[in-house]
Amino acid sequence: MFVVLSVVKVAVVLVVFLTAVAYTVLLERKLVGRIQNRWGPTRVGPFGLLQPLVDGLKLFLKEDIIPSGVYRPLYLLAPLIALTCSLLSIAVIPFGTTLRWHGMRLFAISDLNIGLLILLCVTSIGVYGIALSGWSSNNKYSLLGSLRASAQMISYELALGLSLVGVVLRTQSLSLTDIVKVQAVHGIASWNIFGGGQIFAFLIYLMAAYAETNRAPFDLPEAETELTGGYHTEYSSMKFAMFFMAEYGNMITVGCVATLLFLGGWTSPFGDLIPPPQNLLVHVLAPLFWFVAKVFFFLFLYIWVRGTLPRFRYDQLMSFGWKFLLPAAMLNIVGTSLALALL
Amino acid sequence: MNEPMLFLPLIALLPLAGFLLNGLFGSRLPKALVSTIALLFPLLSFALVARAAWMVHAGLALPVAEANAPTWIAVGTFHVGFQFVLDQLTLVMLLVVTGVGFLIHLYSVGYMEHESGYWRFFAYLNLFLFFMTVLVLAGNFLLMFVGWEGVGLASYLLIGFYIDRKSAGDAGIKAFVTNRVGDFGFLIAMFLLIAHFGTLSFSRITAQLSAHPTLTTGAATLICLCLVLGAVGKSAQIPLYVWLPDAMEGPTPVSALIHAATMVTAGVYMIARTHALFDLAPAALTVVAVIGTATAFFAATVAIVQTDIKRVLAYSTISQLGYMFLGCGVGAYSAAVFHLMTHAFFKGLLFLAAGSVIHGLGGEQDIRRMGGLRKTMPVTFWTMTAAVLAISGFFPFAGFFSKDAILAAAFQHGSTGKLLWMVGLVTALMTSFYMFRLWYLTFLGQSRAHSASDGHDHEHHHHAHESPWIMLLPLVLLALLSVCGGWIGIDRFAAFLAPATGMASAAPNAGHTELFLSVLAVLVAALGWFVAHLFFGRRTSAADDAAQRLAPLHRVLEHKYWIDEIYTSLIIRPIQWFARFGLGWLGELTLVRGSVWLLVGVTGLCGELLRRWQSGNLRSYAAWLAIGAAALLIFALAGTLLGMNSLADSIHWAVR
Amino acid sequence: MNTPVPADWYLLLSAALFTLGVIGFLIKRSLITVFMSIELMLNAVNLSFVTFAHEWHAVKGQIFVFFVMMVAAAEAAVGLAIIISIFRVRGTLTVDQIDRMKL
Amino acid sequence: MHLVLFLIFALFALAGAANLLLQKHPINSALSLIVVMSSLAVLYLLLGAEFLAMAQVIVYAGAIMVLFTFVVMLLNEGREEKTWGSRAARTVGFPAVVVLLATLAAAILRAGRHYGMVSLSDGITTTQDLSKVLFRDLLLPFELTSVLILIAILGAVALARKDDGNA
Amino acid sequence: MDGMILTLILLAPLAGMALILLLPDRDEQSTNLPAWLALLTSLFTFACTLHLPAHFVAHQTGFQFEENLAWINSPAIRYHVGVDGLSLWLVVLVGLLAPVGVLASWRAVKKDRKLFYALFLLQQTAMVGVFVSLDLMLYYGFWELSLIPIAVLTAMFGRNLGDASAAKAALRFFLYTFIPSAPLLVALLWLYAHTGSFDYATVQAAIASGTLPGWQLAWVSVAFLIAFAVKVPVLGLHGWLPDLFSEAPVAIAMIAAGKLGLYSLIRFHVELFPALAHRAAPWMIALAAVGILYGALLALVQKDFWKLLAYATLGSLSFCTLGIYGFTAAGMSGAVLQTLNEGIIGAALFLLFGVLYEPASASKLADFGGLATKTPRLATLFTIASLALIGLPLLNGFVGEFLVLSGTFTGVSRVWATVAALGVILSAAYMLGAIQKIFLATGAPAHATGHAAGHPSATARDLTGSETVAVALLALLMLALGIQPGLATDAIEPALQSITQSLRMGAQSRNAANLSPTHPESATVIASSPANLKGGR
């Protein structure tokens, strides 16, 4: 019984996740278009809504070219690692209320009391995908690109981890559900971002996350103008698609984590001011709605930043990471612990 | 009894004072002062001895011993002191030693007139007298040993007097070393005495022997044989006589004093002194007798062919000593001492006469280039004649009485005695032959100064002159003593010595055998003279053709039976070879240095082995690391593996 | 469903891993691989630590593993730095050619 | 369940370790080592040490192995040539290994009889009680390790820096 | 005053050394200041040592002038010094040899005089220290200290420095004596572990009580024996002797051999381990007797005088060892007397031949010849010294040899005594041979060899005033000891009384047969002191 239910849950979450990934691509192209005063894809389907389907189809049908000088086993393995890592993190994120049915939690695939740590593990494993891809495609640009990308990811991972410590300090537990429960006490006031005093942590987390996913201002390694596409230049069709999906998957995961940790997860901003209607459906759906809204807000933020901010130079990027973010995160920890101890 | 002031130590110390004075300051004193010192002290010493003799004659009871002698060595139970004792035997010896010694001192003042190192000679002479008197006066063996070796030292110094002549030096060493061989025997004897008697003083030993003679004959014989070895070394008997002929390298007065009168007789005196021991060891006595006779005969044969005047006299001394040993050997100690005394007189005289001949002829010692000195040196001639007659044993002279006494004693000494007597008689014949040969060649016939040799030393010979009076006076005195020395007669002499030499010699048996023996001796002497006359009297060629006919025998005798060469090759060369190669190579280089090289080698080897282990190859390091880990693990887990409950038990198990 | 596993299987596994680590340490020719097999050995030991920690309910066992990790991290950092400098100077990493103390 | 999980991941670990030895190219052995480490992390989970498992993954698989892979990639040394190395290594090395394994196995088997069983239901040591011991009893060693890590960092930087002369 | 005298004797040379080291390094040609200072110090020390016999109470057993101060307390080492009959005259001997050594090296040492005399005085302290110290560790300290100056001086001031043979000889000497001293230290510590103190008396009592484990004690005694035997040197361990004698500076070679080793053998082996010494006796006697012959034979064929002297010393020292291990009253006191004699005679011979050697550093006997006329004083004194060495009666050599030989003959074994006596003959041969080659005519026409430029006998000079006085003094001493050995034996004999008594008991039980029967009139029947000598057998 447990197995069947969990398989169903996984399937549902996966489908939702993948379609979300596809549509984020579309969303991004539309939004960037709008920022650059143009419309973005509109031809396929009403307002271009079917564009992702078509892109997927295109990438799927393209000829899968494998260059000769490539180190084949790792060349094939790399995209797989990247994709699995980005997908794995979803399994740990609880997106709905802690409703239990037959002892099974409906709105989370699995709820571990060290959920946060697993997230960190997955991000650290993710580095291999990029590192191996660059190296195995036996091309100088891709090697350089992959090295820079993995170096960037490793350094920002530090800042990411440290910024979460503030939140953990406040909730005294690593389990994500507990973190949300703490923030649900009285609505927006108790969200970590406002009530919890973790505003700085949120900003550090945001920047670190952008760097982790090689997005926006930190997307030097695979930027077309710099290193001809960085580590996935040699990849074509499906393998390139995997990388692409992995990248957007990471974006969504980051979004979910941010909502869970800083925006109070599936709790409504109003807290208990407006008592939620009593019937089950609303009780279940409302948190879901709030969770999706917050994630959408983060995605919007991503794309907005990508559209507006210029790209960092690599040495600025590294020095920003090590010389500004890391100390800031440490300061944040000290500040929060002092605050908790004194108040 | 009131202790008459005999000043016994003074007799010895006076010559020592002479030695010290001359030795330390002699080089700066004028010659006259040196000679006065050299003569004064021995004279004083002789005066003291004469006074002692006069007191003995006046009824002083002998033996007289110093009361509180200073102790010399006192360790544990062993105690020996500077003990001087005077008894009849010592008195006789002292008279001879100091008397003849003084005369020879007088003589050498003249003889050494123009020699360099004048003071050194007299210092050594006085030193010799000191040691000789100590030897004779000694009350115990150790003190006698002091004199014994001291005399050897003095003879070494005197023989090696001419320091610019290598042969003199070598002769000195040879004398000293041979004496040391003898002293070795003496030393062993002393140890045996200590082992058996716990003391070395004569009186105590004789007291113990008489009190309870626990000494077994075997032990006694051993002791006596050692003593005999010492005597043989000192008195130049058969095995150890080789040093005496070479000792002629020293100046003639030295030969006279040391190698005729006193030192060589020390051996005989020692045997006489320890007669108590010898009486207990008849075997030792026969050995002494046999050695004596053999030496006498052997030396006589060699003396016949000697050409150097002093060598002849040297061999004759050895042979006469042989007679004394024979005397002692047959138990006639007093006869031996009597012969010793008379021999001192005429042999001293012979040497001094020879000295004055050499002095006259300016250093010429080869009798073949002498002759016709009868007229040029009358006094020397006559005194020499007296001596020759005495030594040959003609009737009125001293030699007859003493030699006859010994031969008589030998004759009565059982069957072996008869044989010894026969040999003794033949030796007597030869003695008179070579003495008269010498006599003829030196004094009679024409002077052959320049004929036989290549005339290079022509200028020496031109004025053979008679020696000055100072040299002639001792000659005359000694001649008198040689003539009337024997008149004391053996009986009165033996009686006098009886207390010192134990039981009187065998009572003289019925007169006629005694008479027959003495007549026979005289006849033998006459025969010897006649043969010498035949060969050397008129035609000198007779000697030469006799030599040709008996060429091989002649050559053997001439080369002194090659004894010296035999000794060198048999003893000296092997020792040196063994020392240089045996010990030098084997001992030093292999054993001692070898052990060090072994150590070095081992350490080097270990170093080499370990070096190879640090090869730099990481993989080998890894392997050894693994082995180490495995071993450690086994050691640690031995307990659990073998079911023991703790590591300690496993160790015990393993160790048991 | 929850069939228990005897503890010494874990130990056997750690022993096996350790031995494989030692073998790697012996036969591998590239310096980095040797270095990796050392890491493997360390992990094997960590496993036995955790097993014993579980067995005797002693948290200290795990703490010790924690420290082992720290040290392993430090060691890896310095080791790799050395390997890089060796490579820069020698141009090769094969163990047999690196046999001079002087770089 | 526990047995199944244990067997799977034990096999994964052994296979990874074996692969480490057999592979020619260092990159492959590096990856196989990552596999070993991850499977070990799971085994830690089975043994109830959750924080350790995560630490294992983050520290070992995530950081140290990344370093290794980076170094392998950067140096790009290529396949190992076939040098036989010192004969002593083989003659001494292999018996040593065999003895090692034999003793370990024997010791464990002999002593293992009185060890208990391991099952999923056993309690999991939470991070709280881990940190309680770490920060109260063993604070000093903890600080020391931090100093150690600092030193390691400095060392690594100093060693690996290209001495461009004017440093 | 009595209480402080020993410390004074020990510290005086050190003070002198300090003073010398402080001297300014003015050029060497001027007045030889270091030498003068060294001479003054050594004379002062000699005067102090003379104080000892003056106040020594003859027949009182046990140690006199004792000083016993706590020094180091973790291992209980005490500054415990004292003198008894045995070591009394040895200390005086060292005092005497110091000025003689300084005189001997007056002209020989031309450069670095300061260092030479400083180390020389250090050596004096070390040697006196060895003789007087009664605390085992203190003794060991001085024992080691006495090695260093000899080695350094030989290496730096050795005679033919050209071919570095001096350095080799120094190293060989150092290693020869240093290596066995390591087991010696171990033995000392073992004793300390078992008896709890380094004090001589307590250790001796503990060993005598027989509580210590048997076979380990045997090994400890062997370690002691070997360490001292090398220093004597006994036959077989004498590898260093010929080299050192031909390389070391005269002043050092004079004092290097014999004394230390022999004293230590008596005090720290025979007295400390009576029963075990007894077991080792047969070996030592055999080695000693053969050593006498060995030394004499080798001396016979040596061409270099120094080597000849080395082997002669080996011979005469073997005499001492023979005496010691005979365990007879006569033998042992003879041995100690012979040590003194060897010291005096050795000093004289070294000084004299040093004078001959110094101008042209030629030591081959063939180089010399006919020097008696050129250097009369040197010749006479050399002859006297060699006669003493040979053992001529009325000179000290004879008394020593006679006592040892008689002791061995009556008490030990007649065969070995006879073998040893043979050595007496050979000693005469080689010494007189040496005199013959050096001083008397050598057959070669004198004018040919004599005056060749630079030929040793041409450049030989006679003794200077001071040297003559020194050697004449030694000669007088030889004569005095020869005539009146009681001077020394009166003090030595009672000290050895205790040893010979206990050992006699041991010996008596062992070989009652050939013990010399007691005689009526030498009534001093050996008091059968109930020495409860169980011993470790």
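Per-chain residue numbering starts at 1, and chain names A, B, C, D and E are given in the order in which the chains are listed.
The rule is short, and it goes like this: a residue touches a chain if its C-beta (ideal position, glycine included) is under 8 Å from a C-beta of that chain, and two chains touch if they have at least 3 such contacts.
Worth saying up front: this structure is predicted, and the values here are computed from it rather than measured.
Traced through touching neighbours, the fewest hops from chain A to chain B number 2. With steps allowed only between chains in touch, the distance from chain A over to chain E comes to 3.
Relative to chain E, the chain whose mean Cα position lies farthest away is A. Counting C-beta pairs in contact across B-D and across B-E gives the higher total for B-E. Put simply, the chain nearest the middle, going by average C-alpha positions, is E. Compared with chain B, the chain whose C-alpha mean position is the greatest distance off is A. The centroid of the Cα atoms in chain A and the matching centroid in chain D are 30 Å apart. Put simply, the C-alpha centre of chain D and that of chain E have 73 angstrom between them.
The geometric centre of chain B is 98 Å away from that of chain C, both derived from CA atoms. Chain C and chain D have Cα centroids separated by 5 Å.
Shown for chain B are the residues that touch two or more other chains, namely 615, 617, 619, 622-623, 626, 629. Under the contact definition stated at the top, the residues of chain D that touch 2 or more other chains are 51, 63, 74, 85-86, 89, 93, 96-97, 100, 104, 111. In chain C, 22, 26, 95-96 are the positions where the chain touches two or more neighbouring chains simultaneously. Per the contact rule defined earlier, chains pair up in contact as A-D, B-C, B-D, B-E, C-D.
Residues 615-619, 622-623, 626, 629 of chain B touch chain C in their complex.
Interface residues of chain B, counted against chain E in their complex, comprise 27, 71-79, 142, 145-146, 149-150, 153, 156, 160, 163-166, 168-170, 172-173, 176-177, 180-181, 183-184, 187-188, 190-192, 194-195, 197-199, 204, 208, 575-576, 578-580, 583-584, 587-588, 591-593, 595-596. On the side of chain B, the complex with chain D involves touching residues 615, 617, 619-620, 622-624, 626-627, 629-630, 633-634, 637, 640-641, 643. Taken together, the chain C residues at the contact with chain D in this complex read 1-13, 15-24, 26-30, 32-33, 35-37, 39-40, 43, 46-47, 50-51, 53-55, 59-60, 62-63, 65-67, 69-78, 80-85, 87-88, 92-97.
Within the complex, the chain D residues that touch chain A are 27-28, 31, 34, 50-51, 54, 57-58, 61-63, 66, 69-70, 73-74, 126-127.
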